[in-house]
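Below, subunit A partners subunit B and then partners subunit C, in two separate complexes.
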Partner chain A sequence: MTAALLDRVATSAERLRSHGTRLSPSLAAAAFVLVVVGTNLPWATFSGFPGLMSLALYPAGSRIYVLALAPALALVAVRFSRRRQAGLAATLALLAVVVQTIIAIARDGGGLVNVSVGAWVTLLGALLGVAAFVALPDDGAPLPRSWPVLPALVEALAVVFAVAASLALLVYALDVEAPSQFVGFLLALGGGLVALNRLGLFEWLGALYARRQALTLVLMAAAAVTFPFTQGGSSYWLRVAANVGVFAAAAIGLNVVVGLAGLLDLGYIAFFGVGAYVAALYGNAGLGPSRGHLPFLAVIVLGALVSGLVGVLIGAPTLRLRGDYLAIVTLGFGEIFHTLVNTYDAYTGGPNGLSNIPDLRQGSFDFGLPHTVFGVELAGFANYYYLELVLVALVMFVFARLNASRIGRAWVAIREDELAASAMGINTVSYKLLAFGIGATLAGASGTVQAHVATQVSPDSFVFLQSVFLLAAVVLGGMGTVPGAVVGAAILIAVPEKLRAFSDYRLLLFGLLLVILMRFRPEGMIPSRRRQREFHDADGADALSAPPGSAVA
Partner chain B sequence: MSLLEVRDLRVAYGAIEAIKGISLDVEEGQVVTLIGTNGAGKTTTLRTLSGLLRPVAGQVLFDGARLDKLKAHEIVARGVAHAPEGRRIFPLMTVEENLELGAYSRKGEAIAQDVAEVFERFPRLHERRAQKAGTLSGGEQQMLAIGRALMSRPRLLMLDEPSMGLSPIMIQLIFDTVAELKAAGTTILLVEQNASAALALADTGYVLETGRVVLTGTGPDLLTDENVRKAYLGED
Partner chain C sequence: MQQFFQQLSDGLVLGALYALIALGYTMVYGIVQLINFAHGEIFMVGAFGGYTLYHYVLPSSLPSGIALLLVLLVAMLTSALLAAFVERVAYRPLRNAPRLAPLITAIGVSIALQESIRLFYPNGSVGKPFPQLFPRGTVDLGGVTLTYVDLFVISLALVLMLTLRTFVFRSATGRAMRATAQDPDTARLMGVDTDRIIVITFVLGGLLAGAAGVLQGMIASPIDFKIGFIAGLKAFTAAVLGGIGNITGAVLGGFTLGIVEALATQYVPNGSALKDSFAFVVLVLVLVFRPTGLLGESVRSRA
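And then the complex of A and B:
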């Protein structure tokens, strides 16, 4: 029965495809008209469904996402390699959004009768659109190997625009309140990204970035500096951005340990915690036994040094281990830190932690107060944001210098084959220790700022899960790259804010995201060129899967 | 005085003694080979000499100075290069990057020139210099491993089973290379299972059996020795 049905579907798809070249444009045109008309008709018979679905001529909410995907239907008319895959991805996403919205409306309204005509018209359009791309023959032409070179400024602006657009999308996503609409947004976004990727957009952007790196970085820095001026004195996003900065700096530090030297550290958050406690105890909070008040620059340096020292002390015995064993021992040290601060309540306040940490103060400059610059009022968090910007820039600089140095080459060699590396004359023990210590130092520095941004420190902020989150930021963004760690941190700070509606499933969704990413883009979102080569070198794949020594001349 | 003197070397993996007192000498400009079956202790000996393993007892003297207390990277800096068993090239780096890492113990000078020299010796590597090393054939990987070891400008080159897993043509090519290196005056300590080819090249040979030297002689002598022929060269 089912088999016969599947057969029928397969044969009709076959028949459709044999007429494809002729049929597809008309199908797509009809689909486009239906989608545009459908999204301008009401989708729900009742008011109150998110996105004003009962209004005509007012496409909002999920109808906007559907409309945004509709231009992809024009791909049938273009001669371009992979247009079929791109079109199919976009129209399938379109269909998914429509179906998901219909289900949500029916659930909220109490049955399919409450789904209004517009939704059904759009559904028909979506189905026709999918059919148009199923029918389209695959032209299978390869993507162009080399892209045309445009003026430097144009290329750099394209990258900056892409980054700005993704941030704008992120900000928009955070504003979407209704869970059903948010799911629709995610579906549309996912389909759209896959489609753009199939069209080679990200390859092109990657090539542009590689070519115009310096200019792009300058423009991005300029954009980052102007960001607080766009916030109209509000502190909400600046607080999020300052948090992203804190974790980005820590993630870059972890990237030195994991991405460059290849040492899996599962207790990394402890170093971050050391920095935070140093700031709480010896900073202007003066919660330590001495009630001392060190100036904040001294606190950052002290936090970084203490944390780095702890890193070296822990690393010295630990780094004799390799791979899984190292991971397990670092995990153990992370737990020891957690237990220690929980237990020694004379210093650390125990499980309650240390609270009421005042804002940073440097001379008469209070980081908590709003300031007016060039006639624009900047909320208090702008100060932390700028501090983080400087810190991240500093950490990025350190990372870049290390990566390009003799030390960086030694780390890569250790990551690939430790025994061979030491046969090359590389002192593997000290280089591993160096990576561990640098990672801990960077984490400690950002931890000191975190204590003031969060106004409190408590043992529960430095648990295993936080280490995993940082590690996920590194893996998600791309191991061994700086932008990767920043993007990863941005996503991991911002998205959980959003997924509060699904808080029971937050980790589940998060895990799902990681699994999907690892399946389709194992090198991370912004990979280093080396990683890209590791995962996507056609002739490299065989050599990698073959055991050493099995290749015979 | 020999360039390398090994005196009563003992190495153990935990409670199991793999090397039970080996002594050997390598003269400057000589090719010395260690032959023996699996588990005889050949690879363990080389790894101990290059500092990857610690001896339990015994001495290693290189140019009169003790090596056995030094760490691996210090031994490389003294001029002992080790092309390890199984080649152990860096598979994800390019051929050129592999060679540059071979010169890690040196500081800057004339590295590009030495890379060019290795490419001259192995034109196949030059063709593939921008390719990932893991994509090379086994023979090419072995050339790379030897080239990489030469990049440290060693006074003693230790090769661990360079012919392992290679086709007969490649084995011939690798042994030709060893012969060329010998002719150029390189001191070589060669570990091999391919006893006939190794002994044909060697000035001196040591036959190892379960961690002990059971026979010593010049290459040609061992090649004609009845016991060696029976045990290692497949004659009844």
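And then the complex of A and C:
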């Protein structure tokens, strides 16, 4: 009985598929019209909802995102494989934005009656759009295996455009005030990116990046340097960006340990904490026993060295262990650090920590004061932002050189198969110790800066969850790549900053994020090609036969 | 001297608890080589399951003996179901993934479970006073006082452990479990449904963890969403101490760790503040000097 029913459902789905080619374009066209009309009608019966939702003929707020996704409906007319996946991603995101906005309007206005006709029309359009791609058969020419090399000027312009578009999106995102609208923005952005990825845009950009590396790096650096000038003297987002920098530097350090050498370090934040306490005790706060203080550069070096030394001391006895034991032992050390700092309060201030750490001073330059550059006033935090930029650049450089060196290859070999690596003559223990020590050193260096950015250190900033936070940044961005750790840290710091209304759910979302990432995209957002092949072994034939020039996005 | 014996017996009670949780770690590790980081949270959710039953369902007129039995059963079932669910949803899809992936997933599950209780359990961020269903009273053994609850904890833990031991070493399913732990591929060739065995392992671990959750509520009353984290780590330490993958070892490790912790808290200066650090010190010492644990056979490194 049930079997017969299932059979009939399957046959009708099959029939729908075979008619899909004819049906889809009309569905998509209807959807497009409905969406365009719907977004130009009012969505809310009351004024005051973010995005002027009660006005007709004025698509703003989330209606813009819906309209921006609508062109994806044209994909029904393009014949190549993966158009169905791309279209589904875009239309599902469109549907999600509409539904989410309807819920937000109903919540703000006190019921579904306050949702106006435009929203319902758009919802219908979104449903038709999803149906159009569900019905679409997955046929057409496959995407090209390798991308044609375009004229240099065109490629350079594409790089410029990509960097500028990212920067514009970022600046726009920071400007979105209302949480509900920001959620809509994230949904639309996510769907759009997945769709573009399905269409192969990122593969192409990756290949482009490989060929135009210098240009891309210069442009990105330029974009990073100009960022404070877009903030109009306000320090809010500069503070956030400086925090991103601190965590990005630490995350890259963790990436050496986890991403390259494959050692899961769950107490990494302790090394960061060692650096922060060194800065608080011996920096210009002068809270240490001698009450003296060292110049800033000396403090960074001292913090990095002490932290590195601690790393080696901890690593030496434990790195002989298998990987998952190491994870627990490092976790244990992280907790011991927390307990020790908490308990022996003669210098560390115990549970209260050390506060009132003054701003950095180097010579006569005070990092806390605003400065005017080229007639633009930069808030005090711009100084820390630039300092972080230098630190991140330095850490990136170290990482990139290590990755490309004999040492980096030895680490990867150990990560893949320790036994085979040692049979090849690699001294696995000393190489692992080196990775552990370098990771700790980099964490210590960023910790020293963090003490000044946060103006205080306390044991509760260096707990297990912070280690998980850094790990999440590495995993989300992509294990073993430089941009991955930076992107991961930026997302994990900046997005919660925007979603303060949901801050209670932050940790829950972290946990779920880790689970979902490992399940569906263990290689992260910006994977290293090696990693991606490793994680997708089953469908690996495709990746292995890809020509060497084609990076994977 | 009297104080020494008092600490020793307190250590036994603590150790019984660690041993029950450690069994879940050790069995799962023995079969799928995964440190089930979320096991501590499975224990915690079990305690909440028992609390929920008592607080929201059971009539207050019920005799406390029956109530305790029901609370215990429901806690065990809650943990077992949760363990099976987590295995199915989070770990099974990653069975053949690189080692790091399931471990990171386990950390994610652990955080998600903690936060779910904190956010979605009614008033979940506040500790819940666990119902004291066992008669109060103490026994005096030559100066060493043990409460009835202490005795109950130790005896229930021993009964459960013996039952488990009998199951694993006497039943057909137990034999299949041991075969899967030894060599999953060969076990499959011999007709063992390894997927089923893995679920059963998680369920068994969950049952014991749920019972431990109730016992934890009985000896250290307010339960909250955080109790699983430290307890889980200590139980893992106990499992490693005894030799991971070894059931008898987990029990021995649990009692040893409990006793070491109780004694160290008493005799190390500033000991009570450092209470939670001793387990890690023990863990590091064991791993450095005897990585196979007290009873461990050689740890085979199966990549």
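Operating definition for what follows: the second predicted complex is superposed on the first by the 470 of 553 C-alpha atoms of A that agree within 3 Å, B and C clash if a C-alpha of one lies under 4 Å from a C-alpha of the other, contacts with A are read in each partner's own complex, and residues count from 1 in each chain.
Convention: a residue touches a chain if its C-beta (ideal position, glycine included) is under 8 Å from a C-beta of that chain, and two chains touch if they have at least 3 such contacts.
Predicted model, so just to flag it, every value in this text is computed and none were measured.
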item: Dominant contact partner of subunit A by residue count, subunit C or subunit B; value: C
item: Which of subunit B and subunit C A:D175 touches, first, second, both or neither; value: neither
item: Subunit B versus subunit C as contact partner of A:D324, first or second or both or neither; value: second
item: Which superposed partner A:A413 touches (first subunit B, second subunit C, both, neither); value: first
item: Contacts of A:R519 with subunit B and subunit C, given as first, second, both or neither; value: second
item: Set intersection of subunit A contacts, subunit C complex versus subunit B complex; value: 417, 419, 534, 537
item: Subunit A contact footprint on subunit B (complex, rising order); value: 50-52, 71-73, 76-77, 81-84, 86-93, 97, 100-102, 104-105, 132, 134-141, 148, 152, 164-167, 169-170
item: Contact set on subunit A toward subunit C in their complex; value: 258, 262, 264, 266, 317-318, 320-325, 327-329, 331-333, 335-336, 339-340, 342-343, 417, 419, 464-465, 468, 471, 475, 479, 504-505, 507-508, 510-515, 518-519, 522, 534-535, 537
item: Touch list for subunit A against partner subunit B, complex; value: 406, 409-410, 412-413, 416-417, 419-428, 530, 533-534, 537, 539-540, 542-544, 548-553
item: Interfacial residue positions of subunit C with respect to subunit A in the complex; value: 33-35, 90, 93-94, 96-105, 107-116, 119, 229, 233, 236-237, 240, 270, 273-274, 276-277, 279-281, 283-284, 287-288, 291, 299, 301, 303
